[in-house]
Amino acid sequence: MSVFTTVLARDLRLALRQSADSLTVIAFFAIATVLFPFGIGPEANILARIAPGVVWVTALLAALLSLDRIFTVDFEDGTLDQLILSGAPLPVVVLAKVTAHWLTTGVPLIIMSPVLAVTLHLPAEGYVPLMLALLLGTPTVSLVGAVGAALVLGTRRGGVLLSLLVLPLYIPVLIFGTAVIEGAITGVPVTPLILAGFAILALTLCPWAASAALRQAAE
Amino acid sequence: MHRFANPTQFMRIANAIFPWVAGLAVILFVIGLPIALVTSPPDYQQGETVRIMYIHVPSAWLALMVYGTMAGGSAAFLIWRHPIANLTAKAAAPMGAVFTGLALVTGMLWGQPMWGTFWVWDARLTSFLILFFLYLGYLALGDAFEDSERGDKAAAILCLVGSINIPIIHFSVTWWNTLHQPSIMKLGGDGVKSSVDGSILLPLFVMLGAFTMYFFAVLILRLRSELLAAKIRNARLSQAAVGDALGQAAE
Amino acid sequence: MAEYFNMGGYAAWIWPCYGLVTLGLVGVLVTTLRGLNARTREFEALKSARRGDGA
Amino acid sequence: MVRLMVEKTFTAQTFSGANLSCRRGGRLVFAGLHFAVPPGGALILRGHNGSGKTTLLRLMAGLTPSSAGHLAWDGQAIDDPDAHAARLRFVTHLDAVKPALTVAENLSFWMSLWAGKTNESALQKSLQAFDLKRFETFPARLLSAGQRHRLALSRLLVAPAPLWLLDEPGNALDDASLAALARAIADHRASGGQVVIASHGSAFVDDGMTLDVGAFTPTTAAHWSEEE
Amino acid sequence: MSVFTTVLARDLRLALRQSADSLTVIAFFAIATVLFPFGIGPEANILARIAPGVVWVTALLAALLSLDRIFTVDFEDGTLDQLILSGAPLPVVVLAKVTAHWLTTGVPLIIMSPVLAVTLHLPAEGYVPLMLALLLGTPTVSLVGAVGAALVLGTRRGGVLLSLLVLPLYIPVLIFGTAVIEGAITGVPVTPLILAGFAILALTLCPWAASAALRQAAE
Amino acid sequence: MVRLMVEKTFTAQTFSGANLSCRRGGRLVFAGLHFAVPPGGALILRGHNGSGKTTLLRLMAGLTPSSAGHLAWDGQAIDDPDAHAARLRFVTHLDAVKPALTVAENLSFWMSLWAGKTNESALQKSLQAFDLKRFETFPARLLSAGQRHRLALSRLLVAPAPLWLLDEPGNALDDASLAALARAIADHRASGGQVVIASHGSAFVDDGMTLDVGAFTPTTAAHWSEEE
């Protein structure tokens, strides 16, 4: 087995054994989204207006919450030292871990999103673009988040610091992610390809940046 | 370049230019402030508020320049492991955050009389706000480790990642904003640009120079301070090491 | 004079701007100098303490 | 207990370090340290608490950079940390054991990462060496402190590598496990491998060289270089 | 010194040594709030309409993120065992820790809130009620959050699970918190006393619930 | 090294347990275990890895409930865990040291919690007992594994309590520290305190009773009780 599949298989198996973990991510996504009608009031037209933004923002926060610990456990129990010493290319290991993370949290989130869109009265034209935008945007979110998670290894209060570091970097994804949905609703289509472009850019840069940060953390 | 890797040598050069830079900063402020505040005429469109520009624009300019300095320093630190490059980035960061904050605050104080609101989600304002967050993130990360050396490298990586993202953010925000741009923002900088003439350019450039010289002067002082802090850390910790060794030998 | 300080009715914006910028720049300068002085003193103290040790 | 059959005899190579110094947290922990471990050799690191044994092991593994000096393999300075990593196994206080995976799954992950594939018979041998066979299908979270540590030690055997770096490997082990560890080390050395052990207690070998890390703590004077 | 002041003093000292920590909470609050204009668009009237809800929801999320680790570190490094064995009344210890947490994160959040209200174009009448509502509401948030944090000790991915447990409990605070602000804006004042009532209720119940959960975790 | 002056002589009381059993993770770890430690006495827990020494110590501390049997102090069954907690000190693998606080701050926090106030001279004595005086003003994060463990041990001395429960207290300690610990234990017993030590290595006392926890592992049948 290649390094990628070995690490991916292990992380998926761990996630499966602890399936509560990815369920809680989805639960957070659901509950945080549902908070908005309580905070803003139940008017359908306002909720519909803000729905794409709210879904995207909560998806970003949910991803962030779960990314927080993507390397922490490995760091604290010594696995990270051993992975670095395995001689396997570290960017590949990072990519495998990010892939596992995306499969166990990003994908369920995408599947879940139409349900939440219903509660926020998103117009029907928005559903497919919503899922498409999440499908193309969440890989970038996971990749950029992994760099942040690697950077905050060994700090106290990793989660909050992580948000400070990566949320500003998520803004382009957020802008185009919501634009795709709103474009479909207002009838002025916006191409989702730019999200794919971001993903490719992140794919070429983030594994390296994250592994530099990981090596640094193990020093 | 490698000549500067040696802190002593680098500081010798820095200390040599310090009086010039500091002197120039003082002179430019002494010339620039009276022009900006008294002698320059009010703008025909913006009236007296144009005087805010003479500090707003230099602050904004420096905020960007400092980030460039930090990105350069971080790259040099990560690639060549130059300690001075790292210290430069570290010393510059709080100043960059302050300049960004000042550009934001002066911009907001300008926005109220001009646009009737402190804040609009205009592209340039918005991308500046994000720049401010990037600065805060850098400072917070550098500060978050028990071991200061670890914070240095992590912050350097973050700085580089951020510098790749700044153009992306800028482009996205511009695009986002032009899509549904409220009308009040059309008043922005362009209105001024058309009326730019010597009477405005002169104080602007003098103040730009003054701010830049101020930055370099204070940067040198902060570098000195950072170097001393490193020495003190070494000294304190090594004293303890020696105590440890001696104590053990005595047993 | 009062008219000058009134800044054509924009005094409430212009003076706080200049005030805050002054505060910011002077603040950075002062904290820098104070840090530098404190560290210089600490370093000298450590150095002389060590000379005492060695003797 | 089953005696471990060593399948591979390592090509003989000396692992050495010259003039090593290391700083941690801005402080020089040791300086001017030299060592050499010939094939089949053992080096025991001694020294009071805080003398830098753990630091030296991490440096030998290539995890922590040295601030001066260099490591060498077969006389060649080590410049590719990944190549160096591939020839060593490092056992630390942190055991890299995943509580949710079974004992066998924990081991086979590392085997497949190091050897590129899993080999059932090598797995069984590693389990037997530290008497973990009967926990094979247990999730690792059920193990006690010593059992977990034994699982970490059994990783030494799943895929051969010539250089073993062991940080206080005797911690939390009962007598039977200490004996098993001593046996594993002897077998490893017999097949040409070398081992570096930081330990306050048992040295596990009778004929190793001893390095007192505490002796390399820098003197006050050396610390205070003006030009820093 | 009493148990309360001893623990409070230590936690405040720890927070001060690591002052970046409480700063990052505020930074998270700021950034998460600012995400909404990106997701929803810059129109001032829509932003003003949703401002109270958005500020409250992000304040809740910020508190949640920082509460996540209120007991974790003590649990992981063995301090919790020692605190239980100290013979000191555990609810008092919990109350001291929650107070320290509120002082270092809740209070800065309240001070920060008007600035964010500006960026969301909240009408001027809303400022004082906003701060008042946060002042009366955040103690409840901290207290309830502490119970959740104690309950999730020892689980992995505590943060996400915590949200799941605690967010539904926050809904009353959220509803009345935003009602106070909106009431002031629309001229139909809503008394903030009900928030104080929640706080008193939480004060009498939560320390006991949290310490029971902590004993449970230490077993 | 300064010899610790014991100020308080504890009122003599026997700590005992009768017919104790404990389950962890659904499994019976030991059953039918009896012990008694008289004032001034020492009990050494032995047993292979996983036999239940740590579990027994946590049970003795009142942290883990027993599934059968009971603990007694002076012959009285212990029913108030807080009262019991107030007369014991427990040192485990987890050292409860805050890296951001200095060594002295770490100690004085516990002193003020246990004794209600801080007492500078007692603090100094505790620091000296484990040779930590010169680290007094250092943040604890700068300590090595052994130094941190010494800081945890010095907590035993900041406020007197008759019953010490020590889980592998010799881990990571160098020879000088091992001697200091043995001395502290002897002083404590001389003033009437009692001590229970789980250890694979040195027992720290010459005259203690030994309890082999492994001997109380239930037989296979009882062990894998169906109703789990």
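Should a chain be cited, it is by its letter among A, B, C, D, E and F, assigned in written order, with residues numbered from 1 in that chain.
In the analysis below, a residue touches a chain if its C-beta (ideal position, glycine included) is under 8 Å from a C-beta of that chain, and two chains touch if they have at least 3 such contacts.
Keep in mind that this is a model prediction, so the values were computed, not measured.
Engineer: Any idea if chain D and chain F meet via the same residues, over half in common, or different ones?
Structural biologist: Same; most numbers are used by both chain D and chain F.
Engineer: If I count C-beta pairs in contact for every pair of chains, which pair wins?
Structural biologist: A-E
Engineer: Just how far, in Å, is the C-alpha centre of chain C from the one of chain A?
Structural biologist: About 43 Å separates the centre of chain A from that of chain C.
Engineer: Where the centres are mean C-alpha positions, what is the separation of chain D from chain F, in Å?
Structural biologist: Between these chains, centre-to-centre, one finds 31 Å.
Engineer: What are the residues of chain D that contact at least two other chains?
Structural biologist: Correct list: 25, 27, 48, 50-51, 93, 220, 224.
Engineer: Name the residues of chain E that each touch 2 or more other chains.
Structural biologist: Each of 18, 20-21, 24, 27, 31, 38, 41 in chain E touches at least two other chains.
Engineer: Where does chain B touch two or more other chains at once, residue-wise?
Structural biologist: Chain B, residues with two or more chain partners: 133, 136-137, 140, 144, 146-147, 176, 231, 235, 237, 239-240, 244, 248.
Engineer: Within their complex, state which residues of chain A touch chain B.
Structural biologist: Those residues of chain A that touch chain B are 147, 151-152, 154-157, 161, 164-165, 167-169, 171-172, 175-176, 179, 198, 205, 209, 212-213, 216-217, 219.
Engineer: Where on chain B does chain A make contact in their complex?
Structural biologist: 78, 130, 133-134, 136-137, 140-141, 144-146, 150, 153-154, 157-158, 160-162, 164-165, 168-169, 171-173, 175-176, 179
Engineer: Where on chain D does chain F make contact in their complex?
Structural biologist: The touching residues are 25, 27, 47-52, 54, 93, 141-147, 149-150, 168, 171-177, 200-201.
Engineer: For the complex, give me every residue of chain D touching chain A.
Structural biologist: 61-65, 82-83, 85-86, 88, 90, 92-98, 100-101, 105, 109-110, 112-114, 116-117
Engineer: Tell me, which parts of chain E touch chain B in their complex?
Structural biologist: Touching chain B: residues 18, 20-21, 23-24, 27, 30-31, 34, 37-38, 41-44, 118-119, 121 of chain E.
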